[in-house]
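Both complexes shown next keep chain A, but they swap its partner, so chain B is in the first and chain C is in the second.
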Partner chain A sequence: MQGKSVLRAVSLVLIGLFFLFPLFWVFLMSFMTNADILRNPPSVIFSPTLHNYGALISGNLGTVVGTQKIDYMLNLFNSFVLSSGSVILSLILGVPAAYAFARFKFRLGEDMAFTLLSFRFAPPLLVLLPLLIYFQQMGLYDTYFGLIWVYQLITLPLVLWIVRGYFEDVSEDIELAYRLDGHSWLQTFLRISIPLARPGIAAAALLSFIFAWNNFIFALILGSSSVQPVTVGALAFITASGIEYGQIAAALVLSIVPTLILALFTQRYLVEGLSLGAIKG
Partner chain B sequence: MAFLEITGLNKAFKGHAIIRDLSVAVEKGEFLVVFGQSGSGKTVLLRLIAGMLQADAGDVRLDGQSLLGVNPEYRDIGMAFQNYALYPHMTAFENIASPLRSRNVPEDEVQKRVHDTARLLRIDHVIDHLPRALSQGQKQRTALGRSLVGRPAVLLLDDPLRNVDAKIRYEMRLELPRLLRSFESTVIYVTQDYKEAMALGDRIAVLVDGTFQQVASPHAVYDAPNNTRIARLFGDPPINLLSVRPAGTAHGLTMRIADTMVALPQTDEALVGRECMLGIRSENVGVSLESTSGIPVTIDAITPLNNRLVMLLRCTDGTEVFASCPQGGPLEGLRGRHQAWADFDLAHALFFDTNDGARL
Partner chain C sequence: MPNPAAATMAVSHAKRRSGARMARILPYLLSLPALLTCIGILVPFFSAVYYALQRYNLAFPAGRKFIWLDNFVQLFLSGEFWHTITISLLYTALTVGLEMLLGLAIALLLWRRSFVTNLLSVALILPLMVAPEIASLMWKLMTNANFGILSYFVSVIGIHDFRWASAPQSALFTVVLVDMWVYTPFISILLLAGLRGLPRQPFEAAELDGVPTSFVFFRIMLPMLLPYMLTAGLFRMLDSIQQFDIIYAMTQGGPGNTLMVFQIQAYLQAFTFTNIGRASAILVVLWAITFALSKVFMKNWLRLRERAHGLA
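And then the complex of A and B:
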């Protein structure tokens, strides 16, 4: 028994190291100069520098042949706008739709839900070219709204399908009880159904935020540098005079932090079994 | 015109009829028990009355007004659910206060009425708890309080005692009628426990195959069930049903029960020569070890049940009959098989048609 649990702990540590080591290394790299990073053999002993972060925040990328302007902070801001905008729009559209799909049987209902899901099957490249042409004609190219719209392909199906499952788990009797107490359908939806599906809504929001945050291809094609997020902005570190590994690492760390904080914050909702004790048991 | 009138109600799901041509009239302040086994359509009926489901045909009228197409929130109907259906994210207080909140009752009035109701139901000490912190009995009382506090015109109780333990069930069975009278409620109470139905109801409506096959007082349903199905549903042990063919003689009617000829006190000529079912309850079958009259039987098993002794008797032709007698008699403590004589009290006998089971 003792040996078994030791073995378990050891293998858990090994698995953890395997997956976390790249992150750890990136974290170290973000405090190294390019010379330290490229040293052979690599070493964890070096004199740490905040130079990489300084360059990102000031927007002056120092390379061997001189400084170059970059707008990484703008990229970070864009990522925020695009991801939160997409999630908010998806929640506004997706939560009521998820409720409808969960509660009501209507003609073509399943087909509609499945069509929305199928957006996740198609490779984005397939639709990008026509989208680009539409976007240019409609004036949506290189706008936040255009990108948030196209991000719905990523976030809306996630919200719809995750939240739908949670609404299906909300007891119809609880909703009926609230209606019989004299509350309208809308009040019941807002004060009973949504609070009870809150863990699901939080999970869906978090997941779709991360998916939107990580998206690369839509923003690369459908926007210019003024609206592009960090994923596209990181390309700027591949310069004519070489690759700035230290600054890439620092940029990566900065781009991970928001999603990490969000995940830690919403974790509470993810595990909160709200409907516990609602029904007998 | 009755207070609540249900006429010709029909509801089918995917071509399968659940409620068929169901009608009943409930008077104001009446306590009507809807009794039926699981799957008989009790819950669907309540949902039709509450407005959660739309009927395919028929009408529900409350105080003369049709409720067809009226949303649940405007029906003035309170309901307590079998699974309580409490709002898990609200305290017991807010759960009970919910019907008052929807009517914008002033806060001090809400406080007063919720606390009064909670005191009556003896849950005032846990009023600030969330449902998950309540015991089964407290949850059930909270659900009851929520359905009562708004003094709805009609109160639907969906087997509210089903999921509570035996002690609370007995307490509530005694308390409930007094409580509901104090609220002057018109009550439709659904249960699948015939004893509960007999104990609580002014009248019992027996729901079989989606329709009321009998609506009558508890006594009438027990003593004069409309058909064999209802007769079987009431009584523990179940009623004995034997095939007989009464014959007319110079001294009245007689019939053969398990190779023995017995005389019938009934004089109904319509029974003569007719194949029918004799229904007789276990308490109307007397058993004696010494008697020489009556029908010879073997006592196969004896078991105590609710202060009575229940016996399984086997007649000479193999027919099995249940008999019961008060505990403490000479049969107490009897073990193994015994020869005995059974005496059928045929004044209480019921006769049913062999084919459709209807009482004759």
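And then the complex of A and C:
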């Protein structure tokens, strides 16, 4: 019995180490100078510097051959625009549709719900290649609008399926009672159904924000550096030669922090959100 | 006496009649915008299938021509494509298999609630919230030959010159490790939710009867957990066979063509060789595989969803 609980404790520690150490180490690296990072053997004792973050914010990055201008703050801004834009559009499109799917049994509804869900499973490039050709013809290439539209592939199914579940739990009797009081369908929808499903709508919004934020391939293909989010920006960073390692680490930390903070709020909803539309990548 | 009630009845009746027509079109009206967005995305899908049947290279626009299944025939005749199929399936089998085992183990360890396990189940969410591509860059920093902390660790235990993703022998191992870091929490969180939702009685009964632990595990718990494992596994399978972000960020399919999985290969064909026809053909093959998998998945997932609703 003693041996068993020791084994259990050791496994818990190992699991904690495996999943948390990379985050911890990159976080530490972001406060190190190049000399600290290159020290052998590596050490957790060093005098922390905010220099890396300062360089990122000013856009003048230190390299081995002098400074180089990279506007990583623009990538960060793009990430915010793309993610919030996608979530807002998805809510406008998805919440009414989710209500329709939950309340009315209509054949097209089921078919559509599944079509939307199955988009989740199509290889992204299959859709992105032709889209790239169309976008270039339509002038949508390298625009926020074009990208936000394509991001619906990720966010819309998520909103639709999560919110639908919440609408199904809203009692029809309450809606009916309000309507018998002489209110129109729209009033009932706006004043009764939506407020009652609010936790679901909030969960769907937060989760789809995270998934949109973490997307990489859409903007890699459909945008150039002026609209690209942090995921694409960070890669350019690491391949650009000679940028100080601490600045790379700081760039990674900046790209992770917003979603980590949101994750702490979404914990509760994570399980259902993930199992409904785990759209990572 | 019955007059006011009758009046209300009449009013609501009239309303219901005019509302009946409304009610019939309302669902369509509500879902139309979402439907239109879908159609906008379905169009490129069919275009891709259409491209796959053409000789279509951006570098030789004049040579564009309908060639039916030639792209596919050429694909299946080339050793390169068979390598792509093999490495994609191997990657999928390894990641899903290992993540399933580790995920189940973690879920079992965290099953019993305590301060430590609660803390750890929150901590597990963190890697899941990191973009897979950013996670790969983190691992790239840690496995750098000059200053990577992991390179240092393996040299301490006596393995010198271990080159992680940049050596053909260890590239697959490295990307599988990154994939495990990113996605194992997904499986354990899902299975943990499943475990905590299981009814208590069978376990209590088994304990009272002194049934051996192995019997409880294999004959009671695993069968009850199976639908959750299937859902999680199929989800991961669909993601894994299409993996792009992690491999692209780590090695871009290299070293050489070691990690040329489906989507990386298609990306290379489209953007390096401007061969849209062939790239589309590769993606159509991938789509066929994922479509078959997702059919199985949907059936399972629906059953799970119904069951969850039945219990609630």
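To be clear about the criterion, the second predicted complex is superposed on the first by the 235 of 281 C-alpha atoms of A that agree within 3 Å, B and C clash if a C-alpha of one lies under 4 Å from a C-alpha of the other, contacts with A are read in each partner's own complex, and residues count from 1 in each chain.
The working rule: a contact is a pair of C-beta atoms (placed from the backbone, for glycine too) under 8 Å apart; a residue touches a chain by one contact, two chains touch by 3 or more.
Being a predicted model, the structure only gives us computed values, none of them experimental.
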**OP:** Would you check which partner chain A:19 touches, where first means chain B only, second means chain C only, and both and neither mean what they say?
**Re:** second
**OP:** Once the structures are superposed on A, label A:93 by its partner contacts, choosing first (chain B), second (chain C), both or neither.
**Re:** second
**OP:** May I ask you to decide whether A:180 touches chain B, chain C, both, or neither, giving the answer as first, second, both or neither?
**Re:** both
Original post:
If you stack the two complexes on chain A, which partner ends up touching A:35: first (chain B), second (chain C), both, or neither?
Top reply: neither
Original post:
Should A:171 be classified as contacting the first partner (chain B), the second (chain C), both, or neither?
Top reply: first
Original post:
When the two structures are laid over each other on chain A, which of chain B and chain C touches more residues of chain A?
Top reply: C
Original post:
A:263 contacts which: chain B (first), chain C (second), both, neither?
Top reply: second
Original post:
When the two structures are overlaid on chain A, which partner does A:44 contact: first (chain B), second (chain C), both, or neither?
Top reply: neither
Subject >> Residues on chain A lying within both footprints (that of chain B and that of chain C) >> reply: 180, 185, 274-275, 278, 280
Original post:
Contact residues on chain B for chain A in the complex?
Top reply: 47, 50-52, 71-75, 77-79, 81, 83-89, 98-99, 101-103, 130-134, 136, 139, 146, 150, 163
**OP:** Please give the residue numbers of chain A that touch chain B in the complex, ascending.
**Re:** 171-174, 176-185, 187, 192, 195-196, 274-280
Subject >> Residue ranges of chain A touching chain C (in the complex, touch as defined) >> reply: 8, 11-12, 15-16, 18-20, 22-23, 25-26, 29, 37-38, 40-42, 92-94, 96-97, 99-101, 103-104, 106, 108-109, 112, 114-119, 121-131, 133-134, 149-150, 152-153, 156, 160, 168, 180, 185, 210, 213-217, 230-231, 234-235, 238, 245, 248-249, 252, 255-256, 259-260, 262-264, 267, 270-271, 274-275, 278, 280-281
Subject >> Footprint of chain A on chain C - complex, ascending >> reply: 8, 12, 19, 22-23, 26-28, 30-31, 33-35, 37-38, 40-45, 47-48, 51, 105-106, 109, 116-117, 120, 122-135, 137-142, 144, 146-147, 149, 152, 181-186, 189-190, 193, 231-232, 235, 238-239, 242-246, 248-249, 262-263, 266-267, 270, 276, 279-280, 283-284, 286-287, 290-291, 293-294, 297-298, 301, 309
